[in-house]
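Next come two complexes, and both contain chain A; in the first it sits with chain B, in the second with chain C.
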Partner chain A sequence: MLRFIASRLARAALTIAMVVTFAFIVLRLSGDPAQIIMGADAPPEAVDAFRTAWGLDEPIWVQYFSYFWAILQGDLGRSMRDGRDAIVLVTERIPATLALTLPALAIKICLGIPAGIYAALHRNSLADRVVMIIAVAGFTVPSFVLGLLLVLLFAVQLGWLPSGGQESWRHGILPVITLGLGGAAVLARFTRSAMLEVLGQPFIRTASAKGVPWHAVVTGHALPNAAIPTVTIIGFMVGSLIAGAVVVESVFSWPGVGRLLVVAVANRDLAVVQCILLLVAITMVCANLIVDLLYGLLDPRLRAAPGKAA
Partner chain B sequence: MMRRRHVLKAPAALLAAPLSAPALAQADTRPVISIAVQEITTSNMLEMMAEQSNVGSRIFRNFVEPLIDTDWIGDMSLQPGLATSWRRISDSVVEFSLRRDVRFHNGDAFTAEDVVFSFGPDRMWGGGPLGKEPPPGATQIARRSFPGFERMEVVDSHTVRFINKTPDLTLEGQMARTASVIANPRAFAAARSWQDWARRPIGTGPYMVTEFNPDRILVLDAFDGHWAGRPPIRRLRFVEIPEVSSRINALLSGEVDFACDIPPDQIATIERNPRFEVAGGIINNTRITVFDKTHAVLSNPLIRRALTHSIDRQAIIDALWGGRVNVPRGLNWEYYADMFIGEHEAPRFDLSEARRLLREANYRGEPIPYRALNNYYTNQTATAQILVEGWRAAGLNVQLQMQENWGQITARTPTRAIRDWSQTASLPDPVAQIVPNWGRNGVAWNNGEWRNDEFATLGDFLQSSVDRAARRQAWARMLQIVEREDPGYTVLHRNGNFTAKRRDIRWKAGPSFVMDFRASNWGT
Partner chain C sequence: MPLVSLTGLSVAFDGAPALRGIDLSVAKGEAVGLVGESGCGKSVTWLAALGLLPPKARITGSVMLEGQELIGAPASILEKVRGGRIAMIFQDPASSLNPVHRIGKQITEALALHRKMVGQAARSEAKRLLDLVGIPDATRRLDAYPHELSGGQNQRVMIAIALAGQPELLVADEPTTALDVTIQAQILELLKDLRRHMGMTLVLISHDLGVVADSCERVAVMYAGRIVEEAPISRLFSAAAHPYTQGLLGALPPMDGPRRRLAAIPGGVPEPWAMPPGCAFAPRCAHRVAACDAGVPGLIPLAASHRVACLQVAQMPIPRESVPA
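For the complex of A and B:
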């Protein structure tokens, strides 16, 4: 088990290093931050002064190693827009984003998984079709369309809820529902498929033939075996907790990490973008690591052959 | 200076005390007003030395003030601000008499020393004694806003002189610019850095900054000690809502009282609701299309002239702006007064003339790249598509290339040929607009897009001459060069700015981006 964890940790570190490198190179290839921040009308000497002040006049490999060395020392750089520490700018937005994504994750799990199980257990019934129509709709309607529809109905027409902002818990209801419904639809589809596949397996028929009660067959044999693809999807959702609400935050003017990322990318605020990407990569890698470990718990065969887990 | 200031503070506080009790009693009756804006600032700062954008110009007048104000709601004429009067001592010196009843938001009395500080090295030029270095962008703005500045000179506690290195007819106009607002030296000294100060500036305006969360909200509370009297609004909230549909929804659901930057095609939808209306119209900004004369194809002025004649400007205005803006007579404003060249016109829409010019230039359909941002300007993308179709009709092979940011737009590569821009007339003389952008060492000169020696020489003359007739003649010739003979740009239309608001609020939008919430522009 220790070897299994060590190999996963090494792979995680490599993934994070690659993300950092990729972000560093791509950001520097896609526009000169000095020109963007100083503006189109900045004279060359002012742009040069900016480049010197931020070390952008160094060769790119020097910048890269300086950046990497700073990261190892815990320094994620400063915003080129207003000089504040990037990590401060990002961490002060994280609570706002988690205030949306955590309740939305709960909705996804509490709504999506039971709906998928119910639809699978009532395959081809009216209930199955209704659940799947709703799930397909939730899966295909983009979040910005769903968000605007909810705003038009509950904020503009009915006046029950605010349309945007982050001033009270009521402001969070519509964005949480927007985020939650789409994810619940995805989970419902995957859970149904996984359950149907497991329910068609010989060991389910064997358990039924041996006289095991149906609810025990479902909870004791079908659900654990169907959990692996569902856990994988939930792992992705957990990995998206920090920056998985970019569109919804824009539609609802929610001041979270997603909106910060949009603004930082548009302005090529390198340190801020890199800081967010680093945190997202770490979250995603940790979520995947936990999912890998859960695979081992859910399926003893994977513990025996950990290299085949993922 | 600091010691004297504290001595002045005590009697000021005593004088204010009897006034403040009834003032506080009435405070609750004033409304809290929320304004949905696309963006609060582009720089994440509230110091106008760093924030020179259109969105920044919307907010500044509420918390800081210059010596010379502008009639933003009326004819944009210069008005007394923190100076009650001013007079020319010479062609390069202006003397200002300062208001005596002005206090900063922190209670400090306003004196000539504050003007000297505001134009000094700590805030503007760098290398000041407080050691808080302004960012490179701020010093650049200072140089551009006050190109001949030599020093501020204190005559007495309420008289100050602006001394320029060279004769300049536009010194008064320069003093009305956003960069000319007066800052509080004590608060500046107390800030940890220039940037910290810039996030919480202390000025003399009718409202004071109480909360600024960049990309989210700016809260301004009424400053009841303002020299013009109590402001009419208890609290102003500028809330950042980037999406236009979300801004409109916030207005219609009653969460905000104003929604800014409304596209013209949404005006009818909003006004269908009797509780709301849309204010605004033409502002002091012109949309232009810029040509890079170093591009292999555009180096021939005949092709640039063909481009200018293939634009159906009125069609753009009718189709995208509902006829609410107009075609200007070049970058040439009526409010330039005697410098307005009435006989100058934008190139007429004439496809046959464009085709003739292309034949004369022996143009054979070589591709001409056109870099544009996605609706940085209202209707920008649709305008670009109309332009490309017009050019295609004339036989020009212009290829639209959507870009993500300004760095990509202005990147100096062989594919830079046509791009979008806008120009603001910041004071009533062409020198403020044309020379920094198109003259020697101006924007186009520096980034290598367009240079013309005759034009540059005339620009130098325009900047330093005080002979009005000769200046007018020079300006007319400059327009002819840059817009007709050797086009550096061509005008498209005057820009419009539309603000949706509650119909029961009496508030006027001026011919600029500035939003005025003083008592003179407020009623319910």
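For the complex of A and C:
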């Protein structure tokens, strides 16, 4: 078990290092921050002074290693825009993002999983078809389209809810629904197919053959097995709690991490973009790690040491 | 009164018939074999009887368990019968056990349902059952998961689960097909032992005449969703009357005497949606006459407890020995 965790942690560190490297290279290739931040009309001396101040005149590999060294010491750099620590800029946006993504995650789980189970248990019924049509729609309609549709209906036509901003909890309703519905659709589809797969297994017939009532076959025998693939998807959703709302935050002008990312990319605010990407990579990797550990808990076949509880 | 009697039991999936009128009685304490090639409806017969087929299966006819009709019976009745009066074990023991539950839990679940045993009492009864089916180190095995046991051991666990409800009838659906030959023999021996000690009735479903001959007193041969011949096992081997049964016996390798080519039955089993109008075996039969296509032949008594569904039986070149009644 310890060896399992150690190897997972090593892989996680490698993944994060690769993300950091990739982000560094892509950002350096995609434009000159000095030019963009100082503006096209800035005098060349000012641009050069900016470059020297931020170390952009050094060879790229020197920049890379000093950046990496700084990260290892916990220094994620400062924003080129206002000089504040990138990590402070990012972390002060996190609560706003979580205020959207956490309730949305709850909607995804509370709506998607029961819908998927219901559809699987009533396969080919009218209810199944309706759930699946909604799920496919939720799956294929991009979140900005769904968001705009909701704004059109509830903000513009009915005037029930505000269309954007963050002044009160009511401003959060539409973005949360937009995020939640799309994810619920994905989860419903996965849960349904996982349940159908499990319900076709011989051990379900065995359970029925020994006289277990159907509801207990579903809850006691089918669900614990169907949970295994479903947890993967939920893990992915947990991993995108920080960065999963970029589009929706933009549509609803919600001042979260996603909006910060969009602005920082447009401004080539390197430290901020890199800081967000690092944070996203860390949450994703952590979520994956938790999923791996949960697998062992849910499926005895995947436990490292057979016969011992994980 | 027989323990179970099936009358005119028919099953269709999406309009294609899988069973076309099964008449079969099983008396208390006897061991009946049900043979036929895969797809002939052996398993479907008993899954239908216990209401274990998917909802899309259309089931007609009757299954009486000592005066209790099972076809169309409410779930509460069927749940008491399943495992409590008729238990069933299946072909692939590894996938027939729930991979995420411990062996002990899967046995005690049946004990709680049918014998209201819980806690330590259930656990010690589960251990006793594992001992009974010959699993060594039973106490430790209670906490094992199915993937930690071999196929043969898993089938023993399946049998222990089946015994947990103290059923009167055990339906064993190809219980040895997925196992090694040596393990097969052990499992069959175990089933015979249990029958002897507990007086349990056994229905053994198999595609293997040899397996049935070894464990059963009576055998019913199925072809394309119907029983075509039914006889005591010794009678079937000495005086098989149906051309299909004769074909099956001809395909068995002889244990002694000179080596000979095994005789295969020409042609293939008709598809469920393209059944011949009369006898389903007629297209492959060497003795076919025009009358064979006129209607589906019923089971005709030939001798004591020997019935056959063939119009040409009188013309068959079979030994007409008399069987003591």
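Here, the second predicted complex is superposed on the first by the 303 of 310 C-alpha atoms of A that agree within 3 Å, B and C clash if a C-alpha of one lies under 4 Å from a C-alpha of the other, contacts with A are read in each partner's own complex, and residues count from 1 in each chain.
Heads up, the rule we're going with is that a contact is a pair of C-beta atoms (placed from the backbone, for glycine too) under 8 Å apart; a residue touches a chain by one contact, two chains touch by 3 or more.
Note that the coordinates shown come from a computational prediction; the quantities given were computed from them, not determined experimentally.
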{"item": "Three-chain arrangement built on chain A, chain B and chain C clash or fit", "value": "fit"}
{"item": "Which superposed partner A:Leu121 touches (first chain B, second chain C, both, neither)", "value": "neither"}
{"item": "Partner chain in contact with A:Leu289 - chain B first, chain C second, else both or neither", "value": "neither"}
{"item": "First (chain B), second (chain C), both or neither touched by A:Val247", "value": "neither"}
{"item": "Contacts of A:Ile16 with chain B and chain C, given as first, second, both or neither", "value": "neither"}
{"item": "Partner chain in contact with A:Pro213 - chain B first, chain C second, else both or neither", "value": "second"}
{"item": "Partner chain(s) touched by A:Phe203 [first = chain B, second = chain C, both, neither]", "value": "second"}
{"item": "Partner, of chain C and chain B, that touches more residues belonging to chain A", "value": "B"}
{"item": "Partner chain in contact with A:Leu148 - chain B first, chain C second, else both or neither", "value": "first"}
{"item": "Chain B versus chain C as contact partner of A:Pro224, first or second or both or neither", "value": "second"}
{"item": "Smallest separation of CA atoms, chain C relative to chain B, angstrom", "value": "50"}
{"item": "Intersection of chain A interface sets (partners chain B, chain C)", "value": "none"}
{"item": "Residues of chain A that touch chain B when the two form their complex", "value": "30-44, 46, 49-50, 53, 79, 81-84, 148, 151-152, 155-156, 159, 162-166, 250-253, 255, 259-260, 262-263, 266-268"}
{"item": "Chain C contact footprint on chain A (complex, rising order)", "value": "201-203, 205-214, 220-221, 224-225, 298-301, 306-307"}
{"item": "Complex contact set, residues of chain C against chain A", "value": "47, 50, 52, 75, 79-84, 87-88, 90, 92, 95-101, 109-110, 113-114, 143-145, 147-148, 158, 161-162, 164-165"}
{"item": "Complex interface listing, chain B residues touching chain A", "value": "43-45, 135-137, 139-140, 144, 193, 195, 198-199, 213-216, 239-243, 245-246, 249-250, 252-255, 404-411, 421, 436-437, 441, 443, 446-447"}
